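The next block holds one structure in the form of structure tokens; read it before the comments.
Note that the chains take the letters A, B, C, D, E and F in the order they are written out, and that residue 1 is the start of every chain.
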Amino acid sequence: MNLRSAIPAMILSFIIYIIYTGSVSPYDLITGVIVAVIVGLLAGEIVVKDPGKALDPKRLAYLVKYTFWYFFVAEVKAHADVIKRALSPKMPLNPAIVRVPYYVETDYAMTTIANSITNTPGTVVVDIDPDRKIFYVHWIDAKTSDPGEARKMISLEFEENAKKIFD
Amino acid sequence: MILNALLIYIGEALVAVGVFCDLAASIGMIRFPNFYTRLHAATVGTIGGAVVPLVGVALMALGADWLGNYRFFLAGASIVAGILILLLAPVGSHVLAQAAHKAGLAPREPIAFDHLEEDRRRGEEK
Amino acid sequence: MKASEVFVLVSIIVFIFSLAYITSLGGLGQLPPVNVRVLAQRYLELTWNPLKPFMSSSGYESVTAIVWDFRGLDTFFETAVFYGAIIAAIAIYRGVKITGKGKTIGMSPIARTITRLSIVLIPTVAASIALHGHLTPGGGFQAGSVATVVAVLIIMVFGRKAIIRKGLTKSRILLLRSLGLLGIGFTAVALLLAAIALGVNAYIFQNQPKPFAPLGFPKIYDGMILGGSLLLFNFFEFIAVTAGFTLVLLLLSLDEKDVRKVVVEK
Amino acid sequence: MISLHDEITLFILAVFPIYLFAFTLYIIRAVRGPTIPDTVLAIDALSFDIAAFLALLAIIYQSPILIACTIVLALWVYALDIYVSKYFTAEEMGE
Amino acid sequence: MIEVFTLAFLMLVSVASVVAAYLAIRERDMVKAIVFSAIQSAMYALIFYVLMAPDIVLVYIPVSVGITPAVLLFVTKKTERYDGD
Amino acid sequence: MNLSLMTAYVVVISLYVNLGIALYGIFARPSLVKKLLAITILSDTANAFAVLVGYRWPKTGTPKPPVYTNSTFNNQTLHYYVSHAVDPLPQALVLTAIVIGLAVTVFIAFIIIQYYRLHGTVDVRKARR
């Protein structure tokens, strides 16, 4: 068991435990520490590959900034677009599945990009080719069929942020 | 007291946004023509219609002091539920779409072009 | 529709109508009533009652108190029935080799990454539900069935062989399950053993001190409500239920041709 | 001037019919859904929305401990997605 | 007022559970039937919730929405998908 | 007839209808897996009845789950709790009934798989010959 990689998992587990129980009484703190140590030791190696990266404050700051930007800008725009399409009487649709390449290394960065794409309405990752590093994205309003253009329109900003956070 | 009122008003605004997204998503679910386009409506329903109101409920609960000490449990559990939905829902849509495309479960029309189908055919020819 | 099907349909409809008629004559009474039954009022009164220390249980939650304190023996045998069903299922698969060799296929890399992350999140939530079983809704069964989602996800997303390669073989899960059951049994008789050592009286499945039986599990310590034996029961039941469900799903996910070789040709 | 307590109650009662209408539409899609993925997708969206709705109900009933149910609903419906897609893509479920 | 809306919700949920149960029994495709039975279970869970039984909801949703469909899908995968002729 | 009574009857009637549907599934459908599905619906309906019997609507306020949530204890809070909480006994029984039901379901599932291995079908009409 790698103790260093267990520490970030322990911290995550403890935070989730305290938020879920919603109190900081001695009973919760003691049981929280016990649960966090057990879960961290069991799952640490599976979850965390590089413990130094997970505890880097600069990356966490980027993560917080990205979360705010994502919720207040990207999500709002995408929601407005899809709701307009769903409620307008003519229902303008031009769906297509396009290739969107990505250029990040780690699994977590890739998953962040994919989940960000899927969580914004209007684009859904249908399939992924990890060897050639391509997402196949179902796009509700396909403006282009060129992969480079599509990447610029769909995933460029997510990718830059994911690179800063995880790579 | 003012802080409580502020929290409750913000929470109510978020819940109202969530209700609107929910309604739009359900109408979209009925109106859109095929499975792949309905995926987008379902995304509106999960992010706008579930995560945002859960955060709103957490804020409302923090402001509602007549609920007693267990209101922190309400707030914390709804935040954790929101985080889990935010992580899990996109994966659910992704695996469903992947299975539907791979096994040909749902019709793809109308569709402008389909690069995934092209690449899959090319892979089979090789 | 054939004649037999029509006959079945008609007889079912007659049966349901007669049942509904009996019920409306007073089987269920007026719904919903204003008051609950007297027995239920007794249970509600005694769940948390410092004024009657000899009769009350040690947690806030009435359902957990009934399940593990007032009617603990029933629940113990019920857990034993569940254990028996799993043993019977294993008996069918006797002689089938369960190995972690060979390649796994699994699902897409996105699902893999998120499942890895949820290995931390979900057991934490489940442990919270188990350890607060005497304060908020929850307990051993509930937490165990929540934690099983991790086993299901690993079996489906990474493949069955991955769970074996991580060290959770069939015999180890069965051992964990037996440990949970043993823990429940030990908690049930712990006070009895202590009473024999000290030379006083005690009951089986005793939680709080009773008249003529002065021993009891800790109820409250420094302001923290510990829940006495309820906490221990919930914790061991959590382990037992999780291991039992994991074992069942592991057996169900075996490849059909491996099993067929052993079971049918025998 | 009404108290905050009454205001929250009125607000939740006002959004209640909209939620019921949306749920009805989701259930219609789930029942009609021409293919299996449609049905599963409708259950998915329905359950996540119901999770948010149950949180509101916990406030209006003034029983905060009811909230524990939402997280379970969200978790297991996700598992249903995984089962169905695994069923259609794999030869054996445990691969 | 709360009473009226609670009971309206109960009504919707119980009607939906009847529809889902009927479709689950009539459907020939077992996968569809299992998915419909999952809807029916979710609706029952909501009934339990409104009847103020959070403990039962906590154990019923994993068992009926989660594990029973998993077991039945495993059985369906190993046996036959279609029921009847 | 007041509204709450009417809705309670709607719930009760729908539960009865579900009972009938489940019995039809057990008796009339040929597939063993479908019969197992119907059995689970039947047991769920019976559990729902048990919980429905324990429900109440107090004269003032709304019903509460059977969990004591006050951190202080005196006669007043205890009386409030006893006069508002629903019946915990059916809930405790149903809790164990669900888990036993799952154990039985799993066991029947294993038997169905074994039956298919030996007979090559899960259709009771074909297997009779």
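Please note the rule applied: a contact is a pair of C-beta atoms (placed from the backbone, for glycine too) under 8 Å apart; a residue touches a chain by one contact, two chains touch by 3 or more.
Everything numeric here is computed off the predicted structure, so don't read it as measured data.
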{"item": "Joint neighbours of subunit F and subunit A, given as chain labels", "value": "B, C"}
{"item": "Winner on C-beta contact pairs when B-D is weighed against C-D", "value": "B-D"}
{"item": "Chain of greatest Cα-centre distance to subunit F", "value": "A"}
{"item": "CA centroid of subunit A to CA centroid of subunit B, Å", "value": "14"}
{"item": "Euclidean distance of C-alpha centroids - subunit A vs subunit C, Å", "value": "34"}
{"item": "Length of the line joining the C-alpha centres of subunit B and subunit C, rounded to whole Å", "value": "32"}
{"item": "Junction residues of subunit B, two or more chains touched", "value": "25, 27, 39, 41, 68-70, 73-74, 77, 80, 84, 87-89, 91, 93-95, 97-98, 102"}
{"item": "Touching two or more other chains - residues of subunit D", "value": "23, 36, 40, 61-66, 68-69, 71-72, 75-77, 79, 82-86, 89, 92-93"}
{"item": "Sequence positions of subunit F contacting 2 or more other chains", "value": "4, 8, 17, 24, 52, 54-55, 57, 62, 64-67, 69, 86, 91, 95, 99, 102, 106, 109"}
{"item": "Which pairs of chains touch, using the document's own definition", "value": "A-B, A-C, B-C, B-D, B-F, C-D, C-E, C-F, D-E, D-F, E-F"}
{"item": "Complex contacts: residues of subunit D adjacent to subunit F", "value": "61-66"}
{"item": "Residues of subunit F touching subunit E in the complex", "value": "3-4, 7-8, 10-11, 14-15, 17-18, 21-22, 24-25, 29-31, 33-34, 36-38, 40-41, 44, 47-48, 51-52, 54-55, 57, 62-67, 86, 91, 94-95, 98-99, 101-102, 105-106, 109, 112-113, 116, 121-123"}
{"item": "Parts of subunit F lying in touch with subunit B, wherever the complex brings them together", "value": "69-71"}
{"item": "Residues of subunit C that touch subunit F when the two form their complex", "value": "4-5, 8-9, 12-13, 15-16, 19-20, 23, 28, 30-37, 39-41, 43-45, 47-50, 60-63, 66-67, 71, 74-75, 78, 81-82, 85-86, 88-89, 92, 136-137, 141, 241, 248, 251-252, 259-260, 263-264"}
{"item": "In the complex with subunit D, residue positions of subunit E that touch it", "value": "1-2, 5, 8-9, 12, 16, 19-20, 23, 29, 31-32, 35-36, 38-39, 42, 45-46, 49-50, 52, 54, 57-58, 61-62, 65-66, 69-70, 73-74, 76-77"}
